[in-house]
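Input: one structure, supplied below.
The letters A, B and C name the chains in turn, as written, and every chain counts its residues from 1.
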Amino acid sequence: MPLATVRTRVEAAAPDLHGTGSRATRILGAACLVGMATLLMLAFWLTNPDERVDEETNIVTGQFDAVRLLYVHFPVAIVTYTAFLVTAAGCIMVLWKNSTWWDNTAAASAEVGVLFCGLTLVTGSIWGRPIWNTWWEWGDVRLMTTTILFLIFVGYLAYRRTMTDPQIRAKRSAVVGLIGAINIPIVYKSVEWWENRTLHQQSTLAELKVEDLTLFAMIFGMTVFLMIYVWLMVHRFRIGWLEHQAETAGLAVAIAERRAQAPDDIRNAVTDTRSSLPDSGVDT
Amino acid sequence: MDPIMREIWAVARKDLLIEARSKVVATQVLPFALVILILFGLALDADRSTLRSFTPGLFWVATLFAGILAIQRSVSVETSSAAFEALRLSGAPGWKLFAGKALAVALQLLAIEAVLGLGVVVLYRASFADPVLVVTAALAATVAIASAGSLYGVLAVGMGVRDTILPMLLLPVLAPVLVAATRAFDDGLGTTAVNGWSWCALLAFFAVIYGTVGALAYAVVIEDA
Amino acid sequence: MEPAVRVRDAVVLLGRFPALAGLDLTLEPGTVTLVQGPNGAGKTTLLRLLAGLAPLESGQVSVLGHDVRTETRQVRASVGLLSPATMLYEQLTIIENLSFWASLSGHNDVDLMAVLDRVSMAPFADQHVETLSTGQRRRAAIAVVAIRRPRLWLLDEPHAGLDQAGRDIVDGLIADALVAGATVVVASHELDRVRPLATHVATVAGGIVHAFEAVGNGSDHA
């Protein structure tokens, strides 16, 4: 659909709209910015590097400064799984209730989820370099699971792009998304059995020298990134919703145009008595 | 034959008959699988013992790639005759159509795997320490691949959908099957000391899951094929 | 008597294009309706809608007493659609195709050779479809539909690609269907050929029915 047509239909559907922002999102956005600034301050300045001194040998071990990246990596991973959970829920609702609202939510959440999944992989890789001495570790359960999760939902988004009919797209991508989501715990278990040991911190919080500030920073980080997720979701959802409205708003017009084709056609039909070869099936 | 199986077998038999006459899988897909084995051998430039230890992984990667082609062939048999519409009109329940198509794909895949098995013995000097485990694992993995593939194969056709999306959709989903099958073969071919039978059980689990999901979703998906 | 086909304000979308834009149509049982109209008018979509294959965006459609939305399976089981695509597997023989479709639709007791004989394709029963001409494939496709013994025949350009003998076969089948009490809908550009057989004519253009009239000649062929 040409952009000019989309614009006129969107304007017809929502005349007072000048973007997908609203008072609520502007407040939320400001809060996110403040929160991010605070988080970065916490992560890179106020908290201490992870140093643990072995009491007997006096050797200092730990993640040192690398732990600072965890204040971003861990929340980003949480948001990733949250986003894909929302997509999975949306897929179920589409198949069950045939809901456009949920289809839009599923797609929006998948996009945001893929973004955060990429961030998870990147921050995890950067964190892992000094800790594991490698950018990529094949044996690690969570790394493998997150990578396959990334591929599955990139595939989901690519698949959605191949279909233009909204009903068909909703139903079929719901099947793909749901199977993909169900597969994730399976992948997790399989890889876990595959490598009995894992380099990933089994319980990051427990092993760190947990000071009050560290714990606070972690939870604060989760909150900030969840707020960012919501902010992104609201905007992406609204864009998708407007697209949907632009598509359906045109229906009555299209029907009228279609019916108006008739008078010329009837004239032509009466004079056309020649037989025709069968079409390839495209003839409507 | 009892009525339930009759329709399933009619669909499978039809696909196998078409293959017997057109020989597409036998002359195109099977050699492709062998070529993959050979290319791996060339590219890895490894000594004999290393190649032997790679065998399970290479075998299953070759099988997966060949499987993609076999599934695309299974679907194109229907689309080239506009037959999905006729299948919907026929009134046969979706799960039976699924079972028949998946059965035909599975049988063809098993034939390919048999030849690949011969191939790895000859090319990679693999040996069968536990043939029962190898065969059982191959059966379970094949059912899983054929089931998931038959469903995704139909998802990858329709107005506007290109079948080039099939590998991207199917392979990440089959990743755990690849892991499990490789491990089971590690035990069955004697290359690594693992408990192959527990991996085999996992493969059976996948076979059941993908068989069930495919049967449930097929009717919904072919409505738009 | 309940109408064989009742369509009320049907809208069918292909993608976002309204192929049918609020179509109304009522057909009585035992009639032969010619659907005429230019290319792109919506004739094929109308037939597919009546077969239960096209998704209904809005409106009500009931075919042989079954609602197309809620009782799709029953609708499909009672109709026979002859579309431009032959729906035959190239690598199989005609008789193999027939027995496959017969067993899938549950019609295992039908005498396949008798049906083939009716379309004058009996000598070709063991020939592979890929070796047949267009006209012969069409006849084989007609046999596939005939096996189902549908109560509603939906024929999309049935005469196209057929020689004189083939066209006579189609006309004969339409007459047989009438005798058996079925209802026939024929979408065709061959007005001279089909009008004499028809009891009604519907003119479709722009996704709706513009004219519907009885022509009353079809009963002579019964």
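Here is the rule we use: a residue touches a chain if its C-beta (ideal position, glycine included) is under 8 Å from a C-beta of that chain, and two chains touch if they have at least 3 such contacts.
If you're wondering where the values come from, they're calculated on a predicted model, not measured in any experiment.
**Student:** Please give the pair of chains with the highest number of C-beta contact pairs.
**Tutor:** A-C
**Student:** Identify the chain whose mean C-alpha position lies nearest to the mean of all protein C-alpha atoms shown.
**Tutor:** If we average C-alpha coordinates per chain, B lands closest to the whole-structure average.
**Student:** Compute the centre of every chain as the mean of its C-alpha atoms, then state which one is farthest from the centre of chain B.
**Tutor:** For chain B, the chain whose C-alpha mean is farthest off is C.
**Student:** Any idea how many Å lie between the Cα centroids of chain A and chain C?
**Tutor:** Each chain reduced to its C-alpha mean, chain A and chain C end up 47 Å apart.
**Student:** So the centre of each chain is just the mean of its C-alpha atoms; given that, what is the distance between chain B and chain C in Å?
**Tutor:** 38
**Student:** With centres defined as the mean C-alpha position, give me the chain A-chain B separation in Å.
**Tutor:** 31
**Student:** Please output the residue numbers of chain C that touch at least 2 other chains, ranges allowed.
**Tutor:** 15, 83, 85
**Student:** Return the residues of chain B touching two or more other chains; collapse runs of consecutive numbers into ranges.
**Tutor:** In chain B, 82, 159 touch at least two other chains.
**Student:** At least two partner chains per residue is the criterion; list those residues in chain A.
**Tutor:** In chain A, residues 164-165, 281 touch at least two other chains, as defined above.
**Student:** Can you list the chain C residues touching chain A in their complex?
**Tutor:** 11, 13-19, 21-22, 36-45, 55, 83-85, 156-157, 159-161, 188-193, 203, 205-208, 210-211
**Student:** Residue numbers of chain C touching chain B in their complex, please.
**Tutor:** Residues of chain C touching chain B: 15, 51-53, 73, 76-77, 79, 81, 83, 85-92, 96, 100-101, 103-106, 128, 144.
**Student:** If you look only at chain A, which of its residues touch chain C in the complex?
**Tutor:** 164-165, 167, 247, 250-251, 254-256, 258-262, 265-266, 268-269, 272-281, 283-284
**Student:** In the complex formed with chain A, which residues of chain B make contact?
**Tutor:** 82, 151-152, 155, 158-162, 165, 168-169, 172-173, 175-176, 179-180, 183, 198-199, 202, 206, 209, 213, 217, 220-221, 224
**Student:** Which part of chain B faces chain C closely enough to touch in the complex?
**Tutor:** Per the stated touch rule, the residues are 6-7, 10-11, 14, 17-18, 21-22, 77, 80-83, 85-92, 159.
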